[in-house]
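Take a look at this one; I'll ask things after.
A, B, C and D label the chains in the order they appear, each numbered from 1.
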Amino acid sequence: MSGSSFGKIFRITTWGESHGAAIGVVIDGCPAGLSISTEDIQAFLNRRKPGQSKYATKRQESDQVEILSGIFEGKTTGTPISLLVRNQDQRSKDYGNIASVYRPGHADYTYDAKYGFRDYRGGGRSSGRETIGRTAAGAIAAQFLKELGITLTTFAKSIGPISVDENEYCFDDITGNSLYMPNNARAKEASEYLDNMMQNLDSAGGVIECIVSGMPAGIGEPVFDKLDAALSQAVVSLGAVKAIEFGAGTKAAAFNGSNNNDDFYSEHGKIQKTTNNAGGILGGISDGSDIIFRTYIKPTPSIAQSQKTVTVDGENTEITIRGRHDPIIVPRAIVVVESMTAITLVDLLLQNMSSRFDSILNFYRP
Amino acid sequence: MSGSSFGKIFRITTWGESHGAAIGVVIDGCPAGLSISTEDIQAFLNRRKPGQSKYATKRQESDQVEILSGIFEGKTTGTPISLLVRNQDQRSKDYGNIASVYRPGHADYTYDAKYGFRDYRGGGRSSGRETIGRTAAGAIAAQFLKELGITLTTFAKSIGPISVDENEYCFDDITGNSLYMPNNARAKEASEYLDNMMQNLDSAGGVIECIVSGMPAGIGEPVFDKLDAALSQAVVSLGAVKAIEFGAGTKAAAFNGSNNNDDFYSEHGKIQKTTNNAGGILGGISDGSDIIFRTYIKPTPSIAQSQKTVTVDGENTEITIRGRHDPIIVPRAIVVVESMTAITLVDLLLQNMSSRFDSILNFYRP
Amino acid sequence: MSGSSFGKIFRITTWGESHGAAIGVVIDGCPAGLSISTEDIQAFLNRRKPGQSKYATKRQESDQVEILSGIFEGKTTGTPISLLVRNQDQRSKDYGNIASVYRPGHADYTYDAKYGFRDYRGGGRSSGRETIGRTAAGAIAAQFLKELGITLTTFAKSIGPISVDENEYCFDDITGNSLYMPNNARAKEASEYLDNMMQNLDSAGGVIECIVSGMPAGIGEPVFDKLDAALSQAVVSLGAVKAIEFGAGTKAAAFNGSNNNDDFYSEHGKIQKTTNNAGGILGGISDGSDIIFRTYIKPTPSIAQSQKTVTVDGENTEITIRGRHDPIIVPRAIVVVESMTAITLVDLLLQNMSSRFDSILNFYRP
Amino acid sequence: MSGSSFGKIFRITTWGESHGAAIGVVIDGCPAGLSISTEDIQAFLNRRKPGQSKYATKRQESDQVEILSGIFEGKTTGTPISLLVRNQDQRSKDYGNIASVYRPGHADYTYDAKYGFRDYRGGGRSSGRETIGRTAAGAIAAQFLKELGITLTTFAKSIGPISVDENEYCFDDITGNSLYMPNNARAKEASEYLDNMMQNLDSAGGVIECIVSGMPAGIGEPVFDKLDAALSQAVVSLGAVKAIEFGAGTKAAAFNGSNNNDDFYSEHGKIQKTTNNAGGILGGISDGSDIIFRTYIKPTPSIAQSQKTVTVDGENTEITIRGRHDPIIVPRAIVVVESMTAITLVDLLLQNMSSRFDSILNFYRP
């Protein structure tokens, strides 16, 4: 089945394996006339590129993007945009033993169960390198949002057990530490925690938060394509995500209606809310306040400790994973979460354009 | 945009407003030859029907389903199945004031922001009655799964702050209390909590857990239609859901790789796992163990306390919601979560049938 | 698979069998604020209703439509519009023998080949009554187009071998004869031809032409959703259609480039063409001139003559079809072709709204 | 909007402009385990490659395909297959004047009307080079069909006014002449006709016929995704197609029911038909006999004669098109029609796999 596409109007199709020739994406349905450069896209890819800090894989990939179609003289033409990144440092020999043994926490077994065999060089299609296509497309979506005055702030709220409380948020700090936490002091603690993990040949997870500002009210399509439902599919489709929550999230389940409801009030002719437990979404439609959600990322499953597992022939065995793996993927996943968010928002903004007949009349008979 | 449909092969389209003539669903893509009766569908609808306990709205609706097409002599024909439930007890006058005032926690404001106006009788399309269509379709999907030996166990893990620990689970208790908790003692505590809420003119939320047993390995479509991504869209598309988590869920973010990874082992020729932090899904594909996820439901937003809000003209005001509202929707939402899960699983089981060319050869040239 | 839906933004889903309880359609994605009444929809249905002339089946069906959702106080609300028509005169006993014998020219055999069995009362889902849903939806699409100043003129160009040449067209005549031909004299000839066919227990086919005026340039989506490609799917999906052609159509294949190309010229600031061999479409996109296409309809397959065929058990036999069948379906099919055209045009008009980024900027940041 | 994709399960997305860096396609939903080589794909591309005869453009393109993903050790893996062809001989200077002038019969004007501007080097996205992606994907679909015993015979039935009657068909001749006509004598006449056209700086059209043998009965999805409806969208989406007909096609409209209906008979336990006016499709579903359809191709719009037209600023002018253009595109379009047919058939074969519940039970619980 065709699961490699996402979006209805602004629609991306990603392709490529970890150790194949290249990775890429086709973006169909991007409107004509949006200014975009190779540099804009490269800037996004650089945020997820390996080798940026000691907490990332040592695999050497420049991840240079090539624009193959859909952009002419610096502007989108309305036709599909094809973006390509060549794989370079495919040391497949590191992966020799995973051809015959299933790595715990990975998709080796489930791909075999589904397809009968798999591209066993690295994770194949289930590798984190698949997110290159999402990120390249995300750069274009982010540019689209920027021109509409919509901004995304995405950061590591937690690394392992080290978490930044909302009242400690300092957004200027996000780019001031290699973990992209909104508090440099907490980032230092988290670094120490990670150093310890690495010494133990272990890995860590964390929480990514995304805040969308400037979103107009009215975005999101009832019933199944609600804004939160679409974001959930978008974000949970990332391999390591184990949970997503909006606004008060899991805590809302223990609240009462009287303290969970956000009161409305009107000021300067604008309808606003006193609180934002809803996370900016009511009935699946944006309410004009900040959209806030958190994504829970599991620890990297590739660890250098010995683990019990089975071979492809069903023999019990042990595996010690070599190769070049991130002890934590949260810092590199931030731009990927931001990309999926941007893609989802652009798609829903475009879908919303046909919601009122008077707009359509105005469009065709101004 | 067309957001009222869900699924790719087994595809449902719901329609209908809270206070319109009727509510319904069209299921397209259900294979021919599945036995299904009006009673099978009615049994599911009765699980969400109002008036079953003191914790549910007093609105009187028999919610009798009528099969209009797609079933002939007790079997599906492969053509679209149209199911209809007439609305009966539409006391729209209860809703008089919500025509001009936005209810906190509801979608009144966002529908107006999107469409310019709305059907202000009850919640219109954003009402919980919209889930009748999902539930009727879910009954058919559940029947499909049952014939394949796949069973769903869905229950209230928490009501407000009262939660049942995993080691207290007693699945026989689920139908032994009106809250569908897997522990009658905890259910009694929860009832007392709810009684107190009702006295305070307040409402409560809770957590619904769903466990899927008997699922074959290999189900779920990379990359964007992963099993967990599809379930997330399906379940978060329910109005009151604020979070979803799979397996260890939010806790996985603070785990280490060494204790989060589930080791594989082989026994009696079957590949199994020592633990199930993954919740039965690896790389977005089922691994043959139980699929486990939890859904966090916010407290009912309709409460009889006075709340601050604004009018449709942007004037600050207060609102006291009358009408017949559930103090908690968790018990009635259980069958809806189960329905959305069943629909998602059937769709992905059908999608998986074209994953291997040898199966296709075998199908067409046996 | 889910083949009962058509359209991407303005999306219809039809359901119902010839001799089931009812026939209907759900229209999802219709913008909010379009004025529409039961009478508007009924007027379209009356154009295809049986029993309007001696050339139509004697089956008595009032085909009264009921609006179940999506329209409130005379306007669409943006939510799905559910429309229902009850079947009344289901004289299934007329169809007794077709349960066990395959009718030539019908889909009895192919449905059995696909699904293993079928609803053998009438044609089930392959009956012409399925088009009731399309026509009800077409009424809404036509209303949408009318408000944009786009008009459709649809008529019988040919009945059997009797054809109206383009230079004989008199559009005022279309409603002046029961065959909807644009020339009353030719219609009289055609009536005599049909009377003869009926005496011979035989049936006839014909050609339906549709002319769309007032269509703006720029509508149609490259590459696979070209305007002509979308119309082809829409119209060929009608059971009896055997061919479709645009503009010069089949004749263009024998033309030369120099006489097939339509020269452009500019007059009063508007770009126009000297001829219209293209049928108003260039590269799959409307060019602002009239869109013209013709649909070739086969003769009604149900004839009262004895025909050779086989039983469901593969025995050679003969069949004489009783029941109440149209000797020609062209007159009743005209409004159905017009409906499918209107639905396709509305969908592509909506799709086009996101083609330019400057329009989007203007929409969200006016 | 996202019009660059076709198919539901076997889904292709094409991208690339005539004079951009490259042209390509992503095929998502191809089952795992199908043997395919670069040579298989190249063989298809070579059939449409320019420069094969004097009737084709002199543009020099080797059209070498590169497989970037989805194929591992000679077999499809079930993941998206990305195929790339670099453009080489982009003599854009030939196209200098078309930046400012609209070519008659081309999509220059309509692209400008839609998007506000266009990639004016060659036809951009509307160029025939876009069909490279379709053809590369078609090679894989054809391989799929071949393994199922389904064969496609595609040829030029007519070139301009020179047509081969059905009783003159000699399928061995098809590869014996550079026009791919099923009769060498007629091909010689057609060559003389084309030589004459070229001398007159003019161009010609023609008719392509496709015959599918070995198709099982039961393929095609009611109601909107009927086999003929899907083929119509697929084929009419090719730029130069002006009509499509199935079986008796346009002629059926003048037939009577008694001579248009194909009688069934049973022989050796197989249900067959005495004639095939239906073209192998009843009610939109294959009936097990040959599927036959014809596609009418307009003459190449690029001719070296002077033509009247307008500038992008709306000034009346004349244009003489230089560059390297085919005097007829029919011979090169044959493999493209065959490709679109193969893609459509594969998609519908896969869709059909979920039509019966007993097959599903057998698949999951053998």
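A few comments on the model shown:
Just so we're on the same page, contacts are C-beta pairs under 8 Å (C-beta built on N, C-alpha and C of every residue); 3 or more make two chains touch, one makes a residue touch a chain.
Predicted model only: the values in this text are computed from it and were never measured.
Considering the contact criterion stated above, the chains in touch with chain A and with chain B alike are C, D. Farthest from chain B, judged by the mean position of CA atoms in each chain, is D. Separation between the centroids of chain B and chain C, computed from CA atoms only, is 38 Å.
Our note on geometry: chain C versus chain D, Cα centroid distance of 26 Å, whole angstroms. With centres taken as mean Cα positions, chain C sits 45 Å from chain A. For chain C, the set of residues touching two or more other chains reads 1-5, 8-10, 14, 29, 32-33, 78-79, 114-116, 125, 216, 222, 351, 354-356, 358. Residue ranges on chain A touching chain B, taken from their complex, read 1-6, 8-9, 14, 102, 104-107, 109-111, 113-116, 123, 125-126, 130, 158, 160-161, 197, 200, 202-207, 216-226, 228-230, 232-234, 236-237, 239, 241-250, 252-258, 260-266, 269, 271, 274, 277-279, 282-288, 296-303, 305, 307-310, 314-316, 351-352, 354-356, 358.
Interface residues of chain B facing chain C in the complex, by the touch rule stated above, are 1-5, 7-11, 13-17, 20-24, 26, 28-29, 32-33, 66-70, 72, 75, 77-82, 84, 114-119, 124-125. Contact residues on chain B toward chain D in their complex (touch as defined above): 8-10, 29, 31-34, 76, 78-79, 144, 147-149, 216, 222, 349-351, 353-361, 363-365.
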